[in-house]
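In what follows, structures are represented as structure tokens.
Here subunit A shows up in two complexes: once beside subunit B, once beside subunit C.
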Partner chain A sequence: MKEENVIEVNQLTKTFGDFTAVNAISFEVKKGEIFGFLGANGAGKTTAMKMLIGISKPSSGTAKVAGFDVYSQTESIKRNIGYMSQKFALYDDLTVKENITFFGGIYGLSRKKIKEKREELVSELGLENISNKLVGSLPLGWKQKLSFSVSLLHEPKIVFLDEPTGGVDPITRRQFWEMIYKAANQGTTIFVTTHYMDEAEYCDKVSIMVEGKIEALDTPKKLKEQFRVDSMNDVFLKLARIPSPTLPKGNGENIDRN
Partner chain B sequence: MKTIGYIIQKEFKQIFRNKGMLPIIFILPILQLVILSNAATYEVKNIKFAYIDNDHTSTSRSLIEKFNASTYFDVLTDFPSQEKASSAMLAGEVDVVLEIPHQFEKKLLKEKTTDLSITINAIDGAAAGVESVYVNQIVQSFNKDVKMNFRNTSNKIAQPVTIESIPSFWYNTTLDYKTFMVPGILVLLVTMITLFLSGMNIVREKEIGTLEQINVTPIRKSQFIIGKLFPFWVIGMGLLTIGLILAKVIFNIPMIGNIILLYGFTSIYILVILGMGLLISNFTDTQQQAMFISWFFIVIFILMSGLFTPIESMPKWAQLITEFNPIKYFVEIVRMVMLKGSGFMDILPQLWKTLLYAIIMNGLAVWSYKKVN
Partner chain C sequence: MKRFIGFIKKEFYHIFRDRRSLFILFGMPIAQILLFGFAITNEINNVDIAILDHSKDASTEEIINKISASKYFTIKQMIANEAEIEPAFKKGKIKAVLNFEKDFSKNIIKERKATIQIITDATDPNTANSITNYVNSILQNYQQSENKSIQIDYQIIPQTRMVYNTELKSVFMFVPGVMTIILMLVSAMMTSISITREKELGTMEILLVSPLKPFQVIIGKVVPYIFLSVINAIVIVVLSIFIFKMPVQGSLLLLGLESVLFIITSLALGILISTIAETQQAAMMISLMGLMLPVILLSGFIFPISSMPVPLQIISNIIPAKWFIIIIKGIMLKGVGMAFIWKETLILIGMTLFFIGLSVKKYKIRLE
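Now for the complex of A and B:
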């Protein structure tokens, strides 16, 4: 039995005036998958992600996230997803505990559930000693781990991570990916953008965006075979430098043949 | 409802944790009330008064003595000549010069009439007007004394009957300008603080990126907005309370009307201002822009509110504009309720307009707040 698709994107496009930020992208993500959404700066990753999480209206195309339409059911989508933005978006002037309580509260968790989650999360992250400290005083790596945990508070079906490990040291990065794996094993789908190609290797499936289009879409292993290189880094460099003339308009159909 | 509670809780924590903001919210308004109420005055006092006495008689001296006795005038010197007086006025040393002509006493006795020359520095027209009134009052009262004296000395000639009007000043019997200004300045601080705080608060979340995080949650627009604005509504009401207490304790301003009525009106009025703040924050991206736009509106609103200058003396088109000024209504109501003791029916017209304003402003604000771009 095939596993269900939790994200289905078809010809999704976003234009700002004359500029096409996202050009007819199509892909699917299965439940529990770690989907790496790669691309150079300005390739349109964040814009695409904003359409999927329901804070930006697509110009054309269709997409369903957790079974809900990105045009008409954005609020239902929001109930079922978690999101961690590029910018650190917890409140610096609230403590660790207060941030957890606040976000638990606005996702509508019960008081009891919030308390449970808070204690669980604080002990998992080893933040017992500083749980009453302002978040603004924590080191970036801790902030990012906390931010990820908060995005999972309401047990979403899918969690969107926009460059979650930017500026974070290698050890924290490793721990972060362990957290991602753990969440994926529990059935949460992970949609992650990154600039670290070693992280791309950890993903179940990877898409690479170049100038608004998806130029490659497959497992890391198959992509490396297709481009006859040893690492995702080289795959990325090949694509990002010279957009391959053999590839069609970015829905990645002919890659699937390989 | 529960969701709103979480937002309100968070907002209050953030407000009271912000050590830079707290004094601005609570201390500055108090300073403003105390300083402005004492400084913003229509009363003209300490008028620098000089005279040229060409008569040197007991009558001319008694006139000068009248000015000396007045609390409004600081009698400086007598000038020997008009030129000296003119150059002193040019140098700003003198505001009012009284010139008593030759044979002042003689003419007064014989012809029963004489002229006095009064020169007033009228660069500030309003002040000059007030000074002219003061001078006239003194001369009038001098006139009366002279008549009485003459009646005593001059063979009981029948005196012309004079009609005297005795004004009675209602609501502010002692004509104390503070009674008039303090309620107005109270309006000013409630308005400014709530507008600036609400306008900047949501833009701040835009700037630091937390608003995007909020927009990705299933929170409803109305929940978020109510949760965001409620704390500032509370602060606004708190400021009113502080202001009323100061008004009573420091300035002894009467509270003739029903205080609950005043609170009731203010609670609606603050909604107008908060809606405005939210609207501004929806159309701006940085706190700087929000601050600038808020400032622009607040200056216009204050200058056209009747707080400092009466609306009745504005040109017709300006009076029309003031109809759209919420501060005008609040100024009117505060003065009416505190000083005149106006009741519910008296303030009904302003109440309706303010309520309508609140609905429109908040409607626009909610409509223009977009979770999806």
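Now for the complex of A and C:
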């Protein structure tokens, strides 16, 4: 089961004019895997992700997501994935319940199913008392968790998370990763970008992107062995020290967010 | 279809939970129509004027009587010679001076032509323009009655304007303009703001990643505004009829259909704006500068197109509002049917298709 590739990327490239934001990246993601897509701010993570979810056309290279081609089968891809964008993207002026109902609705879930999911989700997140409150009034951590749950509403095969833990406190980050594990255990493939290197330790496999290129791709354990260091943070620091005039000015640790 | 209803429901939540939207949608139209209505009504009531009568004969006396009997003018002052004209204006009380030439009656009989000079205070060109028109109408009225009784054709002043608006209520002239502005504002500005809002918040991306097709997203965003704009149009027409006693001469059904067409034109413009603007602020500025200003200045709403410089007259042709104003003035004031406005209607349809086509193209480029 674990051997099935749900994402296959080969030499995928995106250019904006003269600038190459994503430079011939290749990797594979297996079903049920938590794939960490790491890199400093501006490395090209979001750009790469947007090509995979079918809202940005690649400049060259090939990619298949859930078995569908990113050039010609974006509609099929969309039906099989969930997406949580880098910006918090639920409606602040809708209540928790209304948001769930709306997003369930646009994925074509039946009314009964939506009601079921809504109750399940509200009780899981412990939002019973505030399910009729506007989402705008919730703390960021709760919003992020809600947003993640909403991206899973239609039970997608793969869920793409773009910096889901950006700006939230360590405790909430921990809880968030527990939710990620739970979804992965149920067979959902997780494709998650982050620039928190400690989070890389939680992933089954990571890629580290520098200036549009994938500079490292393996399990956290093997990467640490390869670079002879104790933490993923050190792996990243080593990578960032590769002498190159074009490397980002980042210091390797919690580089400023977008 | 169920998805669609959910989408529209959500759009209404946005609208009804946002004070600014509510104000633009409902407060502004009603405020505008009342404001314009009453401001214009006051403007044409009891304007103070002065008379300089060099003849003091039967004809001038009768004309002066007619003018003072009308509720539009109050004769504040009789002045004796040209030298007094400027001081009279400078005191600021009067808005116009009517200067009857010497031997007015005699000229009518001998030359079949007599001259009256209408001097208006052009610091307010609209008022000045109205005054001229009103005086002209009164003169024409006088001529007609005289011509019947004395059976000679003569002319005081050629009169061309205000043919259809016989009651001389200029609020009638403004209702079509105000209606145009409001429909444009609500349709174009509100849709462009509400679409860019989703872009700004990042929810647009989420919608595009969902199985909804881009055109479904756009239609879902636009339909509520069609609905609200139609309600607005109805409110405006009802207010005009009941408060300003505006007669709608033509078919209400045709008026309704043409309004829906213009609403769709405006929505298409709103969509086009939202493909250009990245932020709500930008969408609002483009709507105000790019749409409202030309509508106010170039559509013939306030400044008559015929009195514009030629280049502006040419530019005015690309403004959808100009054509819509011609259409609804025709229907409301002249009572014309499709036979007289099919050309304007086709132009609007053509513009709408053009805007939609352009938006689709821009949209595709964005997704590249």
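The rule is short, and it goes like this: the second predicted complex is superposed on the first by the 239 of 258 C-alpha atoms of A that agree within 3 Å, B and C clash if a C-alpha of one lies under 4 Å from a C-alpha of the other, contacts with A are read in each partner's own complex, and residues count from 1 in each chain.
Everything that follows uses one rule, which is that a residue touches a chain if its C-beta (ideal position, glycine included) is under 8 Å from a C-beta of that chain, and two chains touch if they have at least 3 such contacts.
Given the structure is predicted, the values throughout are model-derived calculations rather than measurements.
Of the two partner chains, subunit B (first) and subunit C (second), which one does A:Lys112 touch, if any: first, second, both, or neither?
It touches nothing on subunit B or subunit C.
Is A:Ile81 touching anything from subunit B or subunit C once the two structures are fitted on A? First, second, both or neither.
both
Determine, under the contact definition given at the top, whether A:Leu94 touches first (subunit B), second (subunit C), both, or neither.
After superposing on A, A:Leu94 lies in contact with both subunit B and subunit C.
Of the partners subunit B and subunit C, which touch A:Arg228 in the superposed model: first, second, both, neither?
So A:Arg228 meets neither subunit B nor subunit C here.
Please identify the positions on subunit A that touch both subunit B and subunit C, taking each partner from its own complex.
Common to the two interfaces on subunit A: residues 53-57, 75, 78-79, 81, 83, 85, 87-94, 98, 101-103, 105-108.
Using the touch definition from the top, list the residues of subunit A that touch subunit C in their complex.
53-57, 75, 78-79, 81, 83, 85-94, 98, 101-103, 105-108, 111
Write out the stretch or stretches of subunit A touching subunit B in their complex.
Touch residues, subunit A against subunit B: 50, 53-57, 74-76, 78-79, 81, 83, 85, 87-94, 98, 101-103, 105-108.
For subunit B, which residues are in contact with subunit A within the complex?
Touching subunit A from subunit B are residues 2-3, 5-7, 9-10, 13-14, 17-18, 208-210, 212-220, 371-373.
Quick one: which bits of subunit C touch subunit A in the complex? Just the residue numbers, please.
So the residues of subunit C touching subunit A come out as 2-3, 6-7, 9-10, 13-14, 17-18, 201-203, 205-213, 367-368.
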